[in-house]
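Scrolling down, you'll hit the structures one after another.
You will see two complexes here that share chain A, one where it goes with chain B and one where it goes with chain C.
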Partner chain A sequence: MTQSNRIAGGQIDRSQTFRFHFDGLPYLGHPGDTLASALLANGVRLMGRSFKYHRPRGPISAGSEEPNALVELRSGARQEPNTRATVAELFDGLTAQSQNRWPSLKFDALSINDRLNSFFTAGFYYKTFMWPASFWEKVYEPIIRRAAGLGSLTKLEDPDEYDKGFLHCDILIIGAGPAGLSAALTAGRSGARVILADEDFRMGGRLNAETFALGDQSGADWALAALAELASLPNVRLLNRTTVVGAFDHGIYGAVERVSDHLPVPLAGKPRQTFWRIYSKRAILAGGAIERPIAFENNDRPGIMLAGSLRAYANRWGVAVGDRTAVFTNNDDGLRTAVDLQAKGVDVVAVIDSRENSELLPGIRHLRGAEVTNSAGRLGLSQITVRMADGRTETLKVNALGVSGGWNPNVNITSHHRSRPVWREDIAAFVPGSGEIANLLVAGAAAGSLSTHGALVTGDEMARKALEGLGISAISAKLPKAEDAPVRIKAFWHVEGASRAWIDQQNDVTVKDIKLAHQENFTSVEHLKRYTTLGMATDQGKTGNVLGLAVMAELTGKSIPDTGTTVYRPPYTPVALGALAGRGRGHEFKPFRLTPSHKWAEEQGAVFVEVGYWLRTQWVAKAGETEWRQSVDREVLATRKSVGICDVTTLGKIDIQGTDAGAFLDKVYANTFSTLAVGKCRYGLMLREDGIVFDDGTTARMGPNEYVMTTTTANAVTVFRHLEYCRQVLWPDMDVQIISTTEAWAQFSVAGPNARNLLAKVVDQDISDAAFPYMGAGNITVGGLRARLFRISFSGELAFEIAVPTRYGDAMIRKLMEAGAEFDAVVYGTEALGVMRVEKGHVAGNELNGTSTALNMGLGKMVSRKKDSIGMLLSQRDGMTQADGLRLVGVKPANPAEALKAGSHFLKTGAAATAQNDEGWLTSLVYSPHLGHHIALGYLKNGASRIGEKMRAVNLLAGTDTEVEIVSPHFIDPEGERLRA
Partner chain B sequence: MIINHPILGPRDAQEFVYLGDASLIHRPDGLTASIEAFHDYTYLRANPAGLHRELWYHEQGDRSWLVVTRNTVTHEITSVELARDVARSEGRSK
Partner chain C sequence: MRDVNLKPITALGLDLPQVVTLGRWTLTERTDVALASLAVRRGRLADVQALASAAGLPLPPAAMSEQGAVYAAFWVTPEMWFVEAPFASHEDIRRHLLAAFGEAASITEQTDAWVRFDLVGPGLAQVLERLSNFDLAAAPSGTATRTVLEHLGCYLIKRSETLVSLYGPRSSAQSLHHAWVVAAQSVL
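For the complex of A and B:
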């Protein structure tokens, strides 16, 4: 296809030609084109279908404010829906598809919605799909989702990488148009560290789209020269293709750099996009202004666009959208489009000017006091109807119409901290409110200085202001002479008509919808937005919001500022979730911590389980074991029969030292530690201040002023944080120092009747029962290497935990297994650990669930009332101490051959399975190879006095109802003889 | 947000863990306080739109607990002190 609409000029590189496809058809374009400019150059105006009515649509803008021209860019796993064709940079081989149409863009079956438009007005969903309520989820919503979709997701994994980065600067300048460049020149020459960010791939802003001269250069050439100077300054960083999407606290701005979106695929090792967090001392917003349309009947036809965009396509991209053009304006800026296009040789049929007294344009049919009342053309504009000042109407054959309702300063970022823009009557637009974001200055059109001269001057001014605040003396550039035309506008918002006139094209909100909202009293801007969905689409109402507000103001008879204003939230433009995630996806989503025996366990073919950040051995399958229970049962039986070894490094370890260490532990534990003898361990119970159990573990006294605390794996970090809180905030004068040593020690549990025999071969000291009794603790050596030994048991067997410096952990597991060979030592994983602790009746995470008290666990007597400790008092309050409250019990099936189900609730025999009859629930369930049947722990009302009672364990989800017997939670060795062997 | 740590200088808020109202410093003694008073200490908080003194913990840093005075409306931080110093000056000891 030929580039039928390409005209001379523009900043495209005609020496190279790109081939690309849209909806399967081939087209040609050039470097410097966007997808939209290239399609328009090829005579393609129809690029999409609207959201609700499936109306044919083309681009109305030439920038990121675009509501209509949304396409699916690329194909396969890289396909991205809802991409704005107006900012998609053309590359060779690009492919794009139109979206929200079926079966094709030119014939869309759902355009029937357009004929049914009277049903689809504002509030349609609220009114129509209310009854019956149960239909919403199953019937209405799926149908609506299918019909009113935007682009589609491929559901394939994104093959590209994304990155996150941090940048620091003195002055961040947002936008590289005349104001931003002027500010950057002053700030850069003065030596400040400057970041200049612009969302466009070509910096220069409107200078690239206008024909004004700056001094003796064209605007585009002046911009190039300014950029060349800035690029030569080592203190200035230029970030093109970078959108500043949000202003956050304390000078931090978020920005997305599209590093590789202009390439078919990212270069090797490069991310597709980078999300920058920019830390600035000062920021200057030079975001320019966004033109707004005038609403009239059928103003959404492809070929009708904003006047400034129409001339941007001509001036920057060398594209005449149509060969017969008209302009509809209420201000002088619209006239520039007519002048520029005529100068380019485009036939300008007429300028329809809503003002009666504007200065008459020479050489152009300038219809003052006139209005465009309607348009026609099946898939694109072919004619407009004009009502003249004298009331006569005339039909004009045109295929492009530029519309200008005035320019809105781009206040978006200034309202990210709740500040509201203020109305300026002289330019009929909102400008940034005062005192909005600390250290943010606004320059140029964004501040309401809409001339080129105003942009250059205020850019320099704001840079000086920022430099002054930083204590840097300013060196200003000599600014070139530039146009300084005043804003001449007579506010004019919409043409009265019988049919629909669009305000928000992306969400299909029309003047009629605003009238309906007004009629039904949704007149506040917040209600207006939610009732009509005005401004709620992906473009966030950049072109439509102020227009909608103005129409509401007319209807209510109030002024625009009295009607309300429009505030924006981050992000400025849509941000891919991939960019926010950065590298944190898949395996990189979180870090992994490996235990010291990990390598050895891998060699044994261990199966690992994620426990927080840790990977722990879950079980080790031996030859012939095909089912996990076989491995776990073997590990349990072998440990109870002889000896088993488990890596318990993941438990939190905290060294606590100081003359007040014992007193400190008495404060943080519910039970007493100051009386613990040196060389002994004690089980400790830690409460939260509200009386609920926080954590548990054993703590050993290694010296008069030295303790070693262990915590659960899950709470290692939070317990340490809590201890620091107690030490610094609650008892700041206690002499106590703490340090986490979780990673410093590799720790192994050695459990079973042969535990001592095995360890005796490894350690240098006497560890006989007399020398190292139950709950003993001490510093020992292993072949001369410093180590710690604790005689503690989670399994209920004779057991020790031995700790060596982490770097010896791998050697230690190998040495233990070698020494254990003669005892048939096994390694057991977390599953076997769980089985043995349930057999012994020890609580763990399932019981320490954030709602249980010490009393619930049968440990009420551990809470000492003789001393003040965290949670002591509130554990005594009403509701926590009922005699018939939940207590920990053991549970077994009445018929040992029957299985139990996790999550079952306890009910009396014969009671209906209702919440009222619920008496408690099963918390932990295992198969005990020792006993040969399922056993469980659970919380049961008044459980301690119900031992021997027969009940039912009911799981309504699994559909099970099993007779069970309530037993003591200690299934093996209730007297603890094994521990003390 | 940026918290100007009294020892380490300006640090990103990501390095910190937030706890809440600095009135937590004034913990009653569990042996002498009434359950009601302790309940109020544990659960009742002012919820000001404006200046708020709150506890932050520099977990990815030097493990200091800090008292940060922050305006909940603007997020402006007007003072950052070591919680230990504040606790001492407000009568906490052992």
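For the complex of A and C:
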């Protein structure tokens, strides 16, 4: 297709031609085009269908405020719905599809909604779909869900990468129009660290869309020169294609940089987008202004757009949207469109000016005191009806109409901390209120200075103000002479009529809907929004909100500021979830922690389980083992029979030193540690302040003023943080220093009857029972290498934990397996570890569940009352010490052949399965290969007195009801003879 | 003494430290540096300063690092430093420091608690800005800071405009290495 609407001029590169497709048809465009400008150049005005009525729609703007021209960009996994054609940068090979239509854009079956519009007024869904109630879930909701939404998702995984990052600057300048460039020149020349961000791929803002001169240059050329100077300054960073989407606390702004959106596919290794967190000391918002329409009947046809956009397409992109054009305006800026288009050779049929006394335009049919009352054209504008000042009506054949209802300063970001904008009658618009966003200044049109001169001057002023606050001497640029036309506007919002006049084109909100909201008393601005959907969806009411407010003000008889103000929230424009996620998805969702034996375990084909960030060996399957239980049972039996090795590096290890280390431990542990002999370990129980058990583990005294605490894997960080809090805040006068050594040592549990025999082949010291008794601890050597040995047991077997510096951990596991070969040593994983600890009756995470006391666990005597410790007092409060409270018990099925079900609750025989009859629950369940049946731990009311009682373990979700016997939690070696062997 | 000769591996699970060059940047795993924490016992700051001076061990001010003849140190929190020394001569660094400081300080071996990567090349801030909120460009040489990279608490030391040392949790060495490589590729 030829570019039939392409006219001379513009900032596109005509030396190159891009081929692209829209709805399967081929078109041509040039570098510098947007998808919208290229389609308009090819005579395509129809680009989408409206949300509710499926009305034909074309672009009404040339920027990110666009409510209509939303398309599905690209295809396959890269297809992106609801992309604004007005900001989609054209590239060779681009493909786009229209959306929210079936079967085609030109013939959309759901446009029947438009004929049934009286049923689809604002809030129709609140009043319909009410009866019968049973229809809601199965009938109404599925229908509504199918009809709702605009674009479609492919449900394919996004193949591209996204980055997140952090930038720092003295001054962040948002927007690179005349105000932003002026501010950046002053700030940059003065030596401040400046970031200048603009959402457009071509910086310059309206300077690229206007024909004004700045000094002896065109606005666009002046912008290019300014940008060249800024690019040469090492203290200035220019970020084009970057939208600042939100103002957050402490001078932090969020910004999305579209790194590769202008390319068919991102370059290798490059992200598609980067989400920047910008830390600024000062920020200057120079986001310009957004034009608003005037509502009249059928004002939504393709070909009707904002007057400033109509001339932007002509001036920047060399596109005449139509060959017969009219302009409908209530202000002088609309007249510029007519002048510029006529200068470009476009037939300007008439200017319809709602003002009666505006200055007459020479050489153009200027209809003062007139209004556009209606439009016609099936899939695009073909004529408008004009009511003249004298009441006559006239039909004008036009295929493009520019509408200007005035310009709204872009206050969006200034509202992000809930600051309310302030109404200025002289420009009939809201301007930013006194800022609640600390250190945010506003310049140019965003501040209500709507001339180019005003933009340049206020940009410079705000930069000087920011520099002064930073203590930097300002070096101002010499500002060029620029247009300084006053704003001449007579507020005019909508033309009265019987049919529908659109206010918010994206959500199909009309003047009638506002009237209905008023009639039904939804007059508050917040109610108005929610009742009519005004200002919702991708454009967030950038063109419609003020218009809607003004109409409501007319209806209520209040002023616009008294009617209310819209408070914009982040993000300024839609942000892809991928950009928010950055690299944090799939395998890169979080970092991994690998144990010292990971490499060896991988070689053995170990199955790993995620424990926080850690990857721990869950079990290691041997040849012929097809079920996990086979591997786990083998590991347990081999350990109890001879010896097993487990990597326990993940347990938290905290080095505690200082002359008050023992006294410190007495305070953080419920039991006493200051009396522990050097070279010995002790099991410790740590309580929260409310008396609930926080964590447990063994702590060894390595020297008079030196302890090594171990924590559970899960609580390694929280316990360390707790100790730091205690040390720094609770008892700052104690001489205690702590540091984590979790990762510094590769630590292995060696458990089983042959544990000592195995280790004796490796360590340099005598570790006989006499030399290294149960609960012994000390520094040893392994072939001369410094190491640590602890005689502690979680499995109930004779066991040691040996630690070497982590870099030697891989060699250590290999050495232990080599030395253990004669004992048939096995490595056991976390599953076997869990089986053995349940067999032994040790509590773990399932029992340390944040609601259990030491008494519940059968460890009540460990809470010493001879000293003060965290949680001691509150563990004794009413309700925590009942004699018949929950107690840890062992559980086994009455019939050993029967399986137990995790999550079961205890019930008396014959009792109904109700909450009132609940006697406790089963906390940990394993199959004990040693005993040949399931065993479990659980909390049971008055459990200590009910050993031998028969009960039922009932799981209503699983539908199981099993007779069980309550037994001691120590299934194996209750006297502890094995571990003391 | 048993005839047990344990052979170390690097944090990345290799026999030798890995060196990766990406464009103008080089990322090297450093296994030749021993590390220990040195925390002043209560009321013993003056003693520690005197003993450090005698041992030739610098004690830099807050947020700074300093290189001595044998020892280097960087500040981590009030009255606490991490001390670096050549691994070859100071593998058992705690023993060396205990000899120097006795009961005036609490000393803990930290060598294998961390992986150290040295990042060399011009414009390192371009890579780091994708990983950390530390303002590397504005920091003077010698700055040492605690920061978060890849969700992990790390130390960063700006030794010069073209050399940054990153200490991160050793167990997550592969994740940190991957994050750095990906960030560098984003910039190149």
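A few points about this structure:
Everything that follows uses one rule, which is that the second predicted complex is superposed on the first by the 969 of 981 C-alpha atoms of A that agree within 3 Å, B and C clash if a C-alpha of one lies under 4 Å from a C-alpha of the other, contacts with A are read in each partner's own complex, and residues count from 1 in each chain.
Convention: a residue touches a chain if its C-beta (ideal position, glycine included) is under 8 Å from a C-beta of that chain, and two chains touch if they have at least 3 such contacts.
Since this is a predicted model, take the numbers as computed values, not measurements.
When the two structures are aligned on the shared chain, A:742 is found in touch with chain C, with no touch to chain B.
In the superposed pair of complexes, A:631 makes contact with neither chain B nor chain C. Residue contacts after overlaying the shared chain place A:734 against chain B and chain C alike. Residue by residue along chain A, chain B and chain C are tallied for touches, and C comes out ahead. When the two structures are aligned on the shared chain, A:867 is found in touch with chain B, with no touch to chain C.
When the two complexes are overlaid on their common chain A, residue A:417 makes contact with chain B while staying clear of chain C. In the overlay built on the shared chain, the residue A:583 is in contact with chain C alone; chain B does not reach it.
Taken together, the two structures place residues 279, 660, 733-734 of chain A in contact with chain B in one case and with chain C in the other. The touching residues of chain A, when paired with chain C in their complex, are 161, 163-168, 193, 268-271, 274, 277, 279, 583, 588, 590-595, 598-599, 613-614, 649, 655, 657-660, 705-706, 733-735, 737, 739-746, 761-764, 781-786, 804-808, 810-812, 815. On chain B, the positions that touch chain A within their shared complex are 1-2, 13, 17, 19, 24-25, 27, 29-31, 33, 35, 38-39, 42-43, 55, 57, 59, 63-65, 74-77, 82-84, 87-88, 92-94. Those residues of chain A lying in contact with chain B across their complex are 248-252, 279, 417, 438, 660, 663, 689-690, 717, 721, 724-725, 728-734, 867-869, 872-874, 876-877. Across the complex, chain C meets chain A through its residues 1-11, 13, 31, 37, 39-43, 80, 92, 103, 106-114, 129-135, 137-138, 150-152, 169-176, 178-179, 182-183, 185-186, 188.
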